[in-house]
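See below for the structure under consideration.
By written order: A, B, C and D. Residues from 1 in each chain.
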Amino acid sequence: MFSFQTTVKLHNTDSAGLLFFAHQFKMAHDAYESWLDSIGLGFAKLFAERDFLLPIVHAEADFKTALAVGDRLTIELSVEEIGNSSFTLAYDIRTADDVVAGTAKTVHVCLDKVNRGSMPLPDDLRDALSQL
Amino acid sequence: MFSFQTTVKLHNTDSAGLLFFAHQFKMAHDAYESWLDSIGLGFAKLFAERDFLLPIVHAEADFKTALAVGDRLTIELSVEEIGNSSFTLAYDIRTADDVVAGTAKTVHVCLDKVNRGSMPLPDDLRDALSQL
Amino acid sequence: MFSFQTTVKLHNTDSAGLLFFAHQFKMAHDAYESWLDSIGLGFAKLFAERDFLLPIVHAEADFKTALAVGDRLTIELSVEEIGNSSFTLAYDIRTADDVVAGTAKTVHVCLDKVNRGSMPLPDDLRDALSQL
Amino acid sequence: MFSFQTTVKLHNTDSAGLLFFAHQFKMAHDAYESWLDSIGLGFAKLFAERDFLLPIVHAEADFKTALAVGDRLTIELSVEEIGNSSFTLAYDIRTADDVVAGTAKTVHVCLDKVNRGSMPLPDDLRDALSQL
């Protein structure tokens, strides 16, 4: 499991006074980016040095508790499934009171950067996922 | 069914060169807002004059075809389910070539603005949904 | 002058109940993108076929009147200055009542895509700017 | 001076491969929000307990160096001017190599929440600004 700290910023909210739902996906992705960085596979490196891309083919989220500007959140990232050329990540979004305010899932496929066909997950990514 | 036209803007893309996934949810919500306007229930009016809110409790999307800056899209909004105090909307995102590049769903609950408990869908909203 | 129609969407507002200031820059850029499309120099084409980039080196905006969700806006794009390898665009953001709710400016330089040095504006872009 | 750490996220970039200019304003505002929190005047508190708002009436930014996904930034917030009912903040955006990649300014006015007219800066905010 990987933990990521963030805070609901004013531009994450809307005039209903709460987090705009699509921003929960952004915050989940921020946690994913931070994890990629932590395993030496940050996007800057992926784009410059590696032969695969990891596009998201499915995403979903549940919104359980209203979140507002200034709320301090911990996003816990875990792996739900590792396939041959795909993987599924799960996110728990916890408030400072340790309430799960929301959850999310993202399904990623590994694509060959040149021909855009699916390819097996590279070993270093597979290893990192299996330890998540 | 309600149709909404939009174009992928530069700020909807990321440095992988394609639409950032969370922005598909934003574009779907833009279509929903446009439909609310068309039935006389735009958010400005809801916030000012009505006693209910319609927060999203679940959202999901599939990403089938890569979308890039400048792509002209038609988002077709339809209703999938109408409950007593909730409803589910479905979105097909079609390219200029009429390919379904992606889909989305959002589940909304009707909450009393004051006590934040669920309440039955108001009649005008229920009628408009049943005609969607 | 080029006119662009847009509507303040829920995700353009924040929990102060009004347009979040940075989104005025996004909306101005949407107008600029639409103008580029209209002169046959949309970003998809620029990225695929041309040898220059047009990064923004300065941007500024004034916020005169509060804007809220659902407000219908007309953004009027005009050119303020055309240099050898740069140009300045000006934006007036008008409400449905024809009030200038805000203004913006963006200064763009023309960079060679390969060596990233400045280069003279290409003739077709210069011509289009001079007619704006 | 107040320092704020951030990282360029994928959704801050666009398909030109670099930071989308408007997101520099968002990141500057994130620094401002973090400073407000640090002086006990975070937006959640302002909205719930105080009688003033601090809308931005002018914003500007210079973009000196291209920023890309994964770049770790330090935003240094300082005060440029304190008026009777307004103040101007300045932001230096520094890379990990201590290069100023960009700058920004925001001008804020203090408005009475009820009648929306300008009002003198409250003492605690003025004191905090004078120590910035």
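We adopt the following convention: contacts are C-beta pairs under 8 Å (C-beta built on N, C-alpha and C of every residue); 3 or more make two chains touch, one makes a residue touch a chain.
Computed from a prediction, not measured in an experiment: that's the story for all the values here.
Chain centres were defined as the mean of their Cα atoms; on that basis the chain farthest from chain B turns out to be D.
Repeating the A-B interface with over half of its contact pairs identical by residue number, the matching pair from B-C, B-D or C-D is C-D. A count of contacting C-beta pairs for A-C and for C-D identifies C-D as the more extensively joined pair. The mean-CA centres of chain A and chain C are about 32 angstrom from one another, to the nearest whole unit. The mean-CA centres of chain A and chain D are about 27 angstrom from one another, to the nearest whole unit. Separation between the centroids of chain C and chain D, computed from CA atoms only, is 22 Å. Along chain C, residues 10-11, 15-16, 18, 22-23, 26, 29, 43, 47, 68-69 each make contact with two or more other chains. Interface residues of chain B facing chain C in the complex, by the touch rule stated above, are 7, 9-11, 26, 29-30, 33-34, 37, 42-45, 47, 68-71.
By the touch criterion stated above, chain D contacts chain B in their complex at residues 10-11, 13-18, 20, 22-23, 68-69. Of all the residues in chain C, the ones that touch chain D in their complex are 15-16, 18, 21-23, 25-26, 29, 43, 47, 53, 55-64, 66, 106.
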